[in-house]
Amino acid sequence: MTAALAASLSSQGHSFLSPTGVEIVFVLVGLAVLGAAVLTVSTSQLVHAALWLVVALGGLAIEYLLLTAEFIAWVQVLIYLGSVVVLVLFGLMLTRAPIGRSPDADSGNRWVALGLAVVAAGTLVTLVVDAFRCTWMDLPASGSTSVNGSTQANGEVLFRYWVLPFEALSVLLLAALVGAIVLSRRHREEG
Amino acid sequence: MPPLPSGSVGPTGHTEHTGHTGQSHQRGSGHSGRSGGSGGFPGRGLAKGLAVTLRTMTRRSVTDQYPDAQPELPPRSRGVIALLEENCTVCMLCARECPDWCIYIDSHKETLPAAEPNARARTRNVLDRFAIDFSLCMYCGICIEVCPFDALFWSPEFEYAETDILELTHEREKLREWMWTVPPPPALDPAAEEPKEIAAARKAADKLAAADAAAEAAAAAAQESAGTTPPPGGEEPAP
Amino acid sequence: MTTALEALLRCVAVLVVFLTFPLVIGQTEHKVMAHMQGRLGPMYAGGFHGWAQLVADGVKFAQKEDIVPAGADRRIFQLAPAVALLPYLLVLIAIPVGPGGFVGQALDAGLFFVLAVMGIGVLGSLMAGWASANKFSLLGGVRSAAQLLAYELPMLLAAASVAMAAGTVSLTGILGAFHWWWVPWQIVGGFVFFTSGLAELQRPPFDMPVADSEIIFGAYTEYTGLRFALFLLSEYAGILVLCALTAVLFLGGWHGPLSADLGWLWTLLKTFALAFVVIWLRVTYPRLREDQLMRFAWTFLIPLALAQLALTGIVKVVIS
């Protein structure tokens, strides 16, 4: 079975045994992202955790780039690095961001959390591996306009096949926005 | 949210806002920056501010490039105090009026022998030391104002910085040297009143001239009367 | 091999631009600001009208001791200037200067790249503000973060308006689709983009995060020597990037008479004209108060940007 699979793969010109440069870089960046992610949850300095999150999210953007999904990569940088992390840091600094270790950063539930995380990760990995198993997608050389991850391709897919989920998401975000306004208004009347 | 100062809260937040920024750049027209209060468009104050800076840029700057070029100082500049020691009578008024007590005067009395046998012997003050400590001086000019004999003058020289603070105490000789840098008094305004000194001097000169004229007239009259009856001796022959 | 060599050459060219143009802008600021205030500005360094003043400043900064406060978070404190500076270098790569591939590296989603990477620069002042262990620095950092969050939105909306008009998010593509009547069409968007860009760079009159009369120098209070110089350089590189971007997006970049041969000159001219405006604004207007700053973004710029977006959409539908 494995041999047959390998044979079929190599017959298509793909092999795990002779990786291309891009694939090696992909794996290395992936390891860096993993390390940064682990540090994000394990460090006991709050702001360092946020900054490690920056590294992890930035690494993910690089992974997208390696997959020629340029648009997604820059959106990742714009939204997650430029806004979400800044928001997180802003919140931290407004509330509490001591320099040095926060002794209460360690939870008593850490082992439970670790177990849950492993289970969730296992589920996701199984799902993805099972879904795509041996699907290979050819990535055209970057620079040509018909790249799978190009802005045009993304736009067409998003607004042709996935319009409904897109709109549902925007309604969800609108609901969150209105909720936030309502909460802050009530707060001001009390104060 | 804390209550905002009432000045910035209004139904038209942004126009108010632009008005605020513009306002601080308008000279003497406090109302016109606010939403175009004097018939302007919103943001008129902002445009005015931009115009002011742009206009200033096109004009020559007022900077004197001092070490390279000497500044043109106004004639009454207070640079350093000069002493005309010939005029000083050691009356000590300057030292006493000085708010910083930075003028040091030493003197002794000299008795002049009587000119005539019956006259009293006169005493005279002789200046031994006259020094101004410019590290204390605050350039108020009171000493110059109070000097009754015009012994102290302002000089516009200002380059006398020293590396040792003790050097800033200028002694008599140095103060006398500054005297050479004192400019002549500036010309009077066209319709100005005549200075008192000149008026007094003119009065005295007029008096003298009148006396001279009278004497001359008297002499001339005498000569005339003598001329009609020339003396028997006649004129002496020329040598 | 030739492609690698060419890529290297392009990177070197971008680096040279990155190291010289901000200095040119800084020197212009010295002189323009001085003359707008009736002064002469620097006159000695370099002999002729103080042209080498910023070089002299650089030498001075390099000689100074590099101090890290005892209570500071050392590594983040030292890393912050690089985080503040590098994004602008990256952005410069993607800005087209002239027609026919006169660009560091043309990107498919160039507009997104540029805006995304510019936003990262603020992370540098956030890190600096937090790691300095100084309350003024922290306040400065918090103010920068609040300012970035408030002004990123109108900036993106204004940029989106241009992308809509051109039907592409590639910077070269936008310039390719440019017509002269875009300037009046997108003028409101241009105003919003430029203004919020100024705010993002923390330039006066939006310099609350470094308000010297209130919080000394904000996030950069504790910095000395070369690291401080890097923060200053990042400010001027930011001006360069913002002006170049505004010129490309809203003023037609290389378009102008003889654009086939002198396109790059047009881009440079427009960029420096905008840089002059940045300096002019700095000289003219006093600093906004923090609440005015926020009010300006949320109640003025964002509605304007949305109106521009609607206008662009309507015109686009009408003409197509």
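As written, the chains take the letters A, B and C, and residue 1 is the first residue of each chain.
One rule holds for everything that comes next: a contact is a pair of C-beta atoms (placed from the backbone, for glycine too) under 8 Å apart; a residue touches a chain by one contact, two chains touch by 3 or more.
Predicted, not measured: the structure shown is a model, and the values here were computed from it.
Engineer: Which chain's mean C-alpha position is the greatest distance from chain A's?
Structural biologist: The most remote chain is B.
Engineer: Of the chains present, which has its C-alpha mean closest to the combined C-alpha mean?
Structural biologist: Ranked by how close its C-alpha centre lies to the overall one, first comes C.
Engineer: Return the distance between the CA-based centres of chain B and chain C, expressed in whole Å.
Structural biologist: Taking the mean C-alpha position of each chain, the two centres sit 54 Å apart.
Engineer: Indicate the whole-number Å distance between the mean C-alpha point of chain A and the mean C-alpha point of chain C.
Structural biologist: It comes to 28 Å between the two C-alpha centres.
Engineer: Counting only Cα atoms for the centres, state how far chain A is from chain B in Å.
Structural biologist: Chain A and chain B have C-alpha centres separated by 79 Å.
Engineer: Which residues of chain B touch chain C in the complex?
Structural biologist: 4, 8, 13-14, 17, 20-21, 24-25, 46, 49-50, 52-54, 56-57, 59, 61-63, 65
Engineer: Going by the contact rule set out above, which residues of chain C touch chain B in the complex?
Structural biologist: Checking each residue of chain C against chain B gives 32, 34-40, 43, 205, 280-281, 283-286, 288-289, 291-292, 295-296, 299-300.
Engineer: Per the contact definition, I'd like the list of chain C residues that touch chain A in the complex.
Structural biologist: 71-73, 76, 107-109, 112-113, 115-117, 119-120, 122-123, 126-127, 129-131, 133, 138, 141-142, 145-146, 148-149, 152, 156, 168-170
Engineer: Touching chain C in the complex: which residues of chain A?
Structural biologist: It comes out as residues 47-48, 51, 54, 70-71, 74-75, 77-78, 81-83, 85-87, 89-90, 93-94, 97, 99-100, 145, 147, 150-151.
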